[in-house]
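Below are two complexes that have chain A in common, paired first with chain B and then with chain C.
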Partner chain A sequence: MTDSQSSVLDRTAERLAAATPVPLARKVRGLSDKGLAWLFITPTMLLLLAINIFPLIWAIYLSFTNYRANRPNEIVKNVGLSNYQRILGDQDIWIAMQATAHFVFWTIALQTLIGFTLAYLIDRKFRGHAFWTTVILVPMMLSPAVVGNFWRFLYQPQIGLFAYAVSFFTGISPTEIEMLSNVHLAPWAIIIVDTWMWTPYVMLICLAGLRSIPDYIYEAAEVDRASHWRQLWSITLPMALPFIMLAVLFRGIENFKMFDMVNLLTGGGPGSTTEVASITLKREAFEKWRTGYSSAFAIILFVAVFGLANIYVKVLNRVKNR
Partner chain B sequence: MSAAAHSVVEPGLTSKRVAGAIVILYAVITMVPLFWIFATSFKTPPDSIAYPPKILFEPSIEGYCNLFTTRTRQTAEYIASLPPATSFCDETTRKRNMVIAGQSNFLPRFVNSLIIAFGSTFCAVFLGTLAAYGFSRFKVPLADDLLFFILSTRMMPPIAVAIPIYLMYRELGLSDTALGMILLYTAVNVSLAVWLLKGFIDEIPREYEEAAMIDGYTRMGAFFKVVLPQATTGIAATAIFCLIFAWNEYAFAALLTSGTAQTAPPFIPTIIGEGGQDWPAVAAGTTIFLVPILVFTILLRKQLLRGITFGAVRK
Partner chain C sequence: MSGKTIAKRQGRWPVYLRRGILENIAIGLIGLGFLMLFQPFALVLYTFSFITMLVGTVMFIVVSKFPE
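Presenting the complex of A and B:
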């Protein structure tokens, strides 16, 4: 609809609204609105109830049993809270949580640092910045599974491009750069791929933050002869902070759930050095078939993520209200 | 704002050049793995595992041949007894002492990806548009709670959802079916669709519909004649985001499909040749799989920020 049309509509609406007696207008506008609202919203709610809530309730039920999905005919026993108790005492689970924490911490630290720096540089608005921004954004749109799988090839000790590049710059023999089978390097192998994929995500949100800072604040700072560093610390960072925090929370939730890329790159190995929570969950549920036990772990993870989501919504609202 | 005032904060030429150089360097480095996928797809298997890695090589479509076919090893005598090769793929395969035995599973898996991605996108956008309009225009009791509930379904780790879904689908006979995957992806995507579309519909002035309704349209009529045409851009952007999610999804597909409904992401890593992974074929499959996303990313670049933050940040 063009502007002239819409302004005609606006004017018509105003005139009619002024001319129409109020009760009649309300009647016309409010006609079966309530029914329509439910008609529009109910299908979505029903689908989410069927595909998300019903299975969740089922999982809660299973978490109190010793059910095993590969033995459907066995008698299911109610075991009370023992699954939960065992999880809290399970050494493997704690190792998995440590691996997850290491992964989440370093990916967020690197992505925030690199992402903000890139956004800051792009905001210098050099020639061609729009084009290069689009180029940088490409990795985050790709399938983490399909691309993660290909990184396995890049990480091959001798023939892989990554090992070759590292040995080219450091002089270390390319056969010794075993990114995926060395227990010290594997956790970094997944951090590198995740940082490669998701730095653009943090960058894009930071860029929106930087662009939301009005020019006049910098102008005032220039008048006061504040140095560039001073401007960065006192204006840019504090004003972009809500955006940075938003990016951190989104990445935190996503990486806490991380499965696809790690599953294809290392499968949790070597040993369990890269066994993040989702990988443990998959092993328990779909390899060991301890359905009841893994359901309990899933519920614990869900409660943890839900807690983060709550924080996220609170931060989101605070960002909005500023 | 006057030009003079603006020049105060305009970065200097040197600072611009340095910033540009660093950003371009990063962009080039970040493109190397993607370039390598593309290059490897045109290498022969021996070239792909050469040391040092070959940057210059004679391009070959052997990877693409291997991606679409299955091959069996034969004796030299048997191959010599065959009629002359009819295609390039035939010829390259025979040079490796093999003959093409049939079609590989790549094409059916790729078609599954298309069916499931488009099917679930259509359903999610359809349901999402209705619900978003409902939340945007009507006073829904507990609207904020319902919206948060819709979003929170997205917060669950996929494996946690997959355990009960696996059992439920087994009971319902939906395991390894396109319908089951479409339902699941629709449920995951509808949360994104509702949040994004609510943002887009909120931006359409209510007065348009009210004017249309005074002109004699019903609420439903105003929705179709006024709101939908205004929301086209938003609906298109939302659809592309849903499409990309469904296209890229791996965890559910790997756990809930194994054969007839398997999509490309769990299939591509399983492509093996003789003596390990057939990297040129994997690269060929990856390239074919990624190209649509590249196109969509370029189309979407203006809406990207909104899509990845569930509409929380708008430019």
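Presenting the complex of A and C:
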């Protein structure tokens, strides 16, 4: 820092000190740096405790009781681990978990594959690549409520564009393509919408990974007459892998909690074919009003997401240390 | 904490209790629990998935405070 810069900073500090009201200045004067730091972060910490930590502890407490939110005057009994035992032995919840796994697996596989391919193409820096990057990013910027509603129209067998497009390529009548009411097609309808919406996000992370690879490595590979295919397998993929893993973990955590899109598109139906864990949780909590039971279910899902988040942080640290 | 203190602490710390390997075991347990939670093959695996994930997560939180 130059002398002129430090003198400007000194003058600013003096001006700020002079502007501080006398009673406040008198109170703060005796505080150490650590005391001041605590003074600044205490409001935020209190807010976080009130809106994050307290509900979590309350949910943990409720998960050991038979509490029902629609019967607040009923005596709350401690049921020990029975809520957990019932959830972890319940076939219906197990099936909901499998529906979640099917959704998470296919969305991540498709988003990673398409996202990386798009990033690889955009990274070639062809003419107009900035425009196409913006166009590709549009779905990600839309609200899930809007996306859910307009895809419902697109999937309409009578008037939906999707059914007509599929009909054009396959020759099947559009009225037979019932994406949201067919047991076999409904899970794929949600996977298609989620992939359409969130592939740009994966593409952005992969693009950051590809742009972080120094050019001289490719130049050295060119000198060694390595083919493009060889460069992709030996340089691009290994060096972009931490970023791809980051995208996979991040989308995994998000899709595991997916609620809005499923609720808007199918509401868990037809039957319970698209009933993912979050939809089951909502039904238990706000339709059957089994608050204690649903709190235990929420804690199980929380531990799963928290565990994944730990892995996510570890991978993030590895990426940072590269 | 000075470099000398850290070195001293690391010197006394048993090799098998160092962070790297224990963190990897914890991550393995979390991953295993996650797979058990979602697999479609055996209900018994699903039943024990939560406890596996919980042990992995608690272990990760504890061992991430251990020295390298």
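Going forward, the second predicted complex is superposed on the first by the 290 of 322 C-alpha atoms of A that agree within 3 Å, B and C clash if a C-alpha of one lies under 4 Å from a C-alpha of the other, contacts with A are read in each partner's own complex, and residues count from 1 in each chain.
Everything that follows uses one rule, which is that a contact is a pair of C-beta atoms (placed from the backbone, for glycine too) under 8 Å apart; a residue touches a chain by one contact, two chains touch by 3 or more.
Just so we're clear, the structure is a prediction, and the values are computed from it rather than from any experiment.
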item	value
Side-by-side fit of chain B and chain C on chain A, or clash	fit
Contacts of A:A69 with chain B and chain C, given as first, second, both or neither	first
Contacts of A:K314 with chain B and chain C, given as first, second, both or neither	second
Which of chain B and chain C A:M97 touches, first, second, both or neither	second
First (chain B), second (chain C), both or neither touched by A:N149	first
Which of chain B and chain C A:L249 touches, first, second, both or neither	neither
Partner chain in contact with A:L281 - chain B first, chain C second, else both or neither	first
Greater chain A contact set [chain C / chain B]	B
Contacts of A:F306 with chain B and chain C, given as first, second, both or neither	both
Where chain B and chain C come nearest after superposition, their Cα distance in Å	10
Footprint overlap on chain A, where chain B in one structure and chain C in the other make contact	306, 308
Contact footprint of chain C on chain A as seen in their complex	84, 88-89, 91, 94, 97-98, 100-101, 104, 300, 303-304, 306-308, 310-311, 314
Residue numbers on chain A that touch chain B, as the complex places them	1, 6, 9-10, 12-13, 16-17, 20, 25, 28-29, 31-34, 36-41, 43-45, 47-48, 50-52, 54-56, 58-59, 62, 69, 114, 118, 121-122, 124-129, 132, 134-147, 149-154, 156, 158-161, 164, 174, 196, 200-201, 204-205, 208, 211, 215, 218-219, 222-223, 243, 246, 250, 253, 256-257, 259-260, 263-264, 277-278, 281-282, 285-286, 291, 294-295, 298-299, 301-302, 305-306, 308-309, 313, 316, 319
Residue numbers on chain B that touch chain A, as the complex places them	1, 5-6, 8-9, 11, 15-17, 19-20, 22-24, 26-27, 30-34, 36-37, 40, 48-53, 127-128, 130-131, 133-135, 137-140, 146, 148-153, 155-168, 170, 183-184, 186-187, 190-191, 194, 205, 207-208, 210-215, 218-220, 226, 229-230, 244, 247-251, 254-255, 264-266, 268-269, 277, 279, 282-283, 286, 289-290, 293-294, 296-298, 301, 304-305, 308-309, 312-313, 315
Partner chain A, residues of chain C touching it in the complex	23, 26-27, 30-31, 33-34, 37-40, 43, 46-50, 53-54, 56-57, 60-61
